[in-house]
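A, B, C and D are the chain letters, set down in written order, and residue numbers restart from 1 in every chain.
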Amino acid sequence: MTQNIAFIGLGNMGGPMAKNLIKNDFNVTVYDLNSAAVAELKAAGANSADNAKSAIKDADVIISMLPNGAIVKSLYTGSNGLIDQIVNEGKDNVLIIDSSTIAADDARAVGKACEQKGIAMIDAPVSGGTAAAEAGTLTFICGGEPTHFEAAKVVLNAMGRHIFHAGASGAGQVAKICNNMLLAIHMVGTAEALNMGAQQGLDPAVMSEIMKASSGNNWSLQVYNPYPGVMPNVPSSKDYQGGFMVDLMSKDLGLSQELAAKSKSATPLGALATQLYQIHQAGGAGDKDFSSILQLLQKKES
Amino acid sequence: MTQNIAFIGLGNMGGPMAKNLIKNDFNVTVYDLNSAAVAELKAAGANSADNAKSAIKDADVIISMLPNGAIVKSLYTGSNGLIDQIVNEGKDNVLIIDSSTIAADDARAVGKACEQKGIAMIDAPVSGGTAAAEAGTLTFICGGEPTHFEAAKVVLNAMGRHIFHAGASGAGQVAKICNNMLLAIHMVGTAEALNMGAQQGLDPAVMSEIMKASSGNNWSLQVYNPYPGVMPNVPSSKDYQGGFMVDLMSKDLGLSQELAAKSKSATPLGALATQLYQIHQAGGAGDKDFSSILQLLQKKES
Amino acid sequence: MTQNIAFIGLGNMGGPMAKNLIKNDFNVTVYDLNSAAVAELKAAGANSADNAKSAIKDADVIISMLPNGAIVKSLYTGSNGLIDQIVNEGKDNVLIIDSSTIAADDARAVGKACEQKGIAMIDAPVSGGTAAAEAGTLTFICGGEPTHFEAAKVVLNAMGRHIFHAGASGAGQVAKICNNMLLAIHMVGTAEALNMGAQQGLDPAVMSEIMKASSGNNWSLQVYNPYPGVMPNVPSSKDYQGGFMVDLMSKDLGLSQELAAKSKSATPLGALATQLYQIHQAGGAGDKDFSSILQLLQKKES
Amino acid sequence: MTQNIAFIGLGNMGGPMAKNLIKNDFNVTVYDLNSAAVAELKAAGANSADNAKSAIKDADVIISMLPNGAIVKSLYTGSNGLIDQIVNEGKDNVLIIDSSTIAADDARAVGKACEQKGIAMIDAPVSGGTAAAEAGTLTFICGGEPTHFEAAKVVLNAMGRHIFHAGASGAGQVAKICNNMLLAIHMVGTAEALNMGAQQGLDPAVMSEIMKASSGNNWSLQVYNPYPGVMPNVPSSKDYQGGFMVDLMSKDLGLSQELAAKSKSATPLGALATQLYQIHQAGGAGDKDFSSILQLLQKKES
């Protein structure tokens, strides 16, 4: 039997994710404040709804992809939230999947509210960016009960390639944010190494090959080289357009430092990477790809 | 025709490297101040010499593996150095390969002194540690003339798996030190991410799998996980014994910061990693493996 | 006419502050969960109350000195809070002074709740520690309406020497937290400079004199030298006992980083100082004076 | 009897220093490669010489004020240096005062070369900038034998107000560089605090007054506020013109990190301040006053 899916939030990520569900023959009803985004999904075969409440009316699964924790909490909890509606309407067997990247504590708060009403919920933030969202090759990093995770997998497989269970409620957000902090660290580190080599006259492409084959190897070198011209089709070779914006990396790094403070974890390089992106952002680079951090280090023409 | 090789410096790295040359049927004459190290190589089939000068007497290739730039410079240059001896004895076609990790400027100074006398020389520092030295799977990162690099390859292949040409004289040292700075950065970053996850109740092994499959992926996660118990047979699972000592990583980071200062390159994460290893070393961890930086971050029992 | 003051929160700071009000002939009614603290104040001449509500019954001025923002908010706001009580009882002309160190946003939330009910309120965090609290020489850094600030001054003068008006509601907390971040930075910096000098054989006392008379001069050098033996009667000369605990400095630095994130302000040294205190704390130094950060830098005997 | 002084190096600092010696009735002979600088001193009453050797011919005291250690070493040591000349000419009782800011090891090398020939020498770097050089109010921070220090004081008093003896040979350089590292740290920290306060709507002038009266107090706040408009006549109020250039602070921070590496001293904030000035310099701010580091933190108009 075809599952009915309500999809809330059709931004750069949510839009293509919902399309992949349609391609995989799910029955998808969408909602977003942005009517153009809704229209695009309708053209792709989705049903549309006037608000979140009517979107979830017949839903077996609710997926949300929203910009921050305050919006996610207001969608689900509170006297006007979807959780109360689900309870009031006596809906059984609904599964909530929140794919937004938000603070672990916010995810846990929603998770707990669901648990208290007997509603299945997992946090399932993604890794991979818009290209992976379109290609259906996202990585989902999930937190919640094992049975809920297994139930979600059927749906997530339509949008992603790797589906991980990180642990209990909130663990998906923790793992996602730890991963992105580490990503920022090795991206800055890779930029530092390539820039210093270039300052000494070495060819960044040659340097990159050497480090990829050595202990400096990391994801940035493999698929997202920050030095212009080393790799085709990556943001650094397109004037740092497209990709994952500095503003978004700054948001994730902010979440990492909130988490570090709350869990009393020392993250010295994570904290410094956060500051460097803050400085980069203050310099006006907020809408460039995050690999443009190389430009903060480079000597400017005067 | 069998090549004669003089090998100067039989430490933890030099010893096994020289043995691999013998296994590959080179005719090897060794010298080291440490007579026990010399005796071990003699037992393995090497000739021995009483000093560097007699060691190179019939050498076609001279390889040195020494602890720092001052020692390398004093071996080769100056009125008592090997370069003058080579010139005085009218030796032709000698190739010098220095595999020590030293400042690029020191490598360039020796390289220039050789060039002025028409002697072939490359800097060829290694990556991979004692295990790779024993297995003959080192990575050599070379700087110097292309023809000298090609000539060296025949010999280096007996000790290593990847042989890279990074650029002109000194470029091997630059690339090696950039690589090791980046290694330190992602090792510290990986420790920060795993520690924060663990503080939030996540399983470091699960976290590691997730980040390896995501954009946090790096060499530390792949083969050298710093969290005890995640991987068998790595230093973190053996109480941080063996591997690459904090003292040695501190030395390499020191070289990276010298290079950064000389080339006016900003390396903020590199500088902070240097400081963290300095603090770790001051705390008494100098002879532990460098992945023990995790312990600096972890909450101590009181 | 004698003013009636309700004083809520009799910890290490609140206790001596309340005593100074009594000494200055204010009529003081106190409340704290800790009955021993209440008893001590009663012995000093205070009236006591069974709860905050009865403590403020006849109060002209309410002063609170509490450990964190959640407690402050729950004291004043919400359906059971003092603000509602003041409104319900029709009390006029009450002035609220909150001297707790809390997030600026929490202070602003309480300030706004007061403003909406026409109640005068200022945030008035202090600088100076327990010694100054006892001596009545605290610095008060206040935020709120100028007229409320003027009204508060009469009372604050009984407990402090310097009374500053930093700006609108919340500005007291902002200025306090900026000050303490800067304090942490120059304390760590002073420790770094003295330690490096000592490593080079210089006498820390001589170094301190020189830097005090030069551009390195700062409050730490003047009255709170972190190097043992340079100054008598400071924590560093008493095995880092007493003074301002690492745990408390960590709390304030945490507030500074929250503020930095919220206001999108780059604070690279502030962030690193936060991390260093986090590492120091993880190492077990939480209950030492914050000048003990010197010990994190020093070479340990092994 | 009037002392004869040879003064080598008439830059922005050396020029006004030599003039103050003339004003104090010393008999001064100057030398510099820059003939315009020499002409200016001649007009002020100095004798001139064609080279350093003839400048010191009748000198009782030799003062040098040069840009780096390599130049200082080449002036004094080596087969063509002033030390050999002094020995060859049998000059007795010459006192050498080097006021250049150079690496402590370079100062010690010259000091040792002097000691071996029985020549009195002190390192005496200055603090205070060009204004203090002109006003004769420099701070001299000296290293060397106590008797040599006492002998130097007579001369130094003509150019400075505070004359400190930091310890043995090289100690002047160590103390100077520790002081300047601490200066950089509290300047950056002050900029961070004022910028964050301003982002929150506080008046930087009010913030400065509060922190000056509190534990955040430091030299920057007292006499060199980095926020434009808070103090008249400081570089920040003159578009960061004049004062102590970013390039020079970067040089001193570079010396501090060399010293830290050599003495195995952890200087985490010093290292980060070094990096921030490096980034600021790469951005084109090398010739602005060092308090312009505030601009690196501030949000740029786009």
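By our rule, a contact is a pair of C-beta atoms (placed from the backbone, for glycine too) under 8 Å apart; a residue touches a chain by one contact, two chains touch by 3 or more.
Note that the coordinates shown come from a computational prediction; the quantities given were computed from them, not determined experimentally.
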Cα rotation angle, chain A onto chain B, in degrees to the nearest 5, is 180
Note: of the two pairs B-C and C-D, more contacts are counted for C-D
Interface of copies chain A and chain C: same or different residues on the two sides (over or under half shared)? same
Separation of the C-alpha centres, chain C versus chain D, in whole Å, is 39
Chain B and chain C have mean C-alpha positions lying a whole-number Å distance apart equal to 52
Multi-chain touching residues of chain B, meaning two or more other chains, are 260, 264-268, 272, 276, 279, 282, 296-297, 299
Note: in the complex, chain C contacts chain B through residues 272, 279, 282-284, 296-300, 302
Counting only contacts in the complex, chain B reaches chain D at residues 254, 257-258, 260-261, 264-268, 271-272, 274-276, 278-279, 281-282
Listed in rising order, the residues of chain D that touch chain C in the complex are 104, 127-128, 139, 141, 162, 164-168, 170-171, 174-175, 178-183, 185-186, 188-190, 192-197, 199-203, 206-207, 209-211, 213-219, 222, 224, 256, 259-260, 263-270, 272-273, 276, 296-297, 299
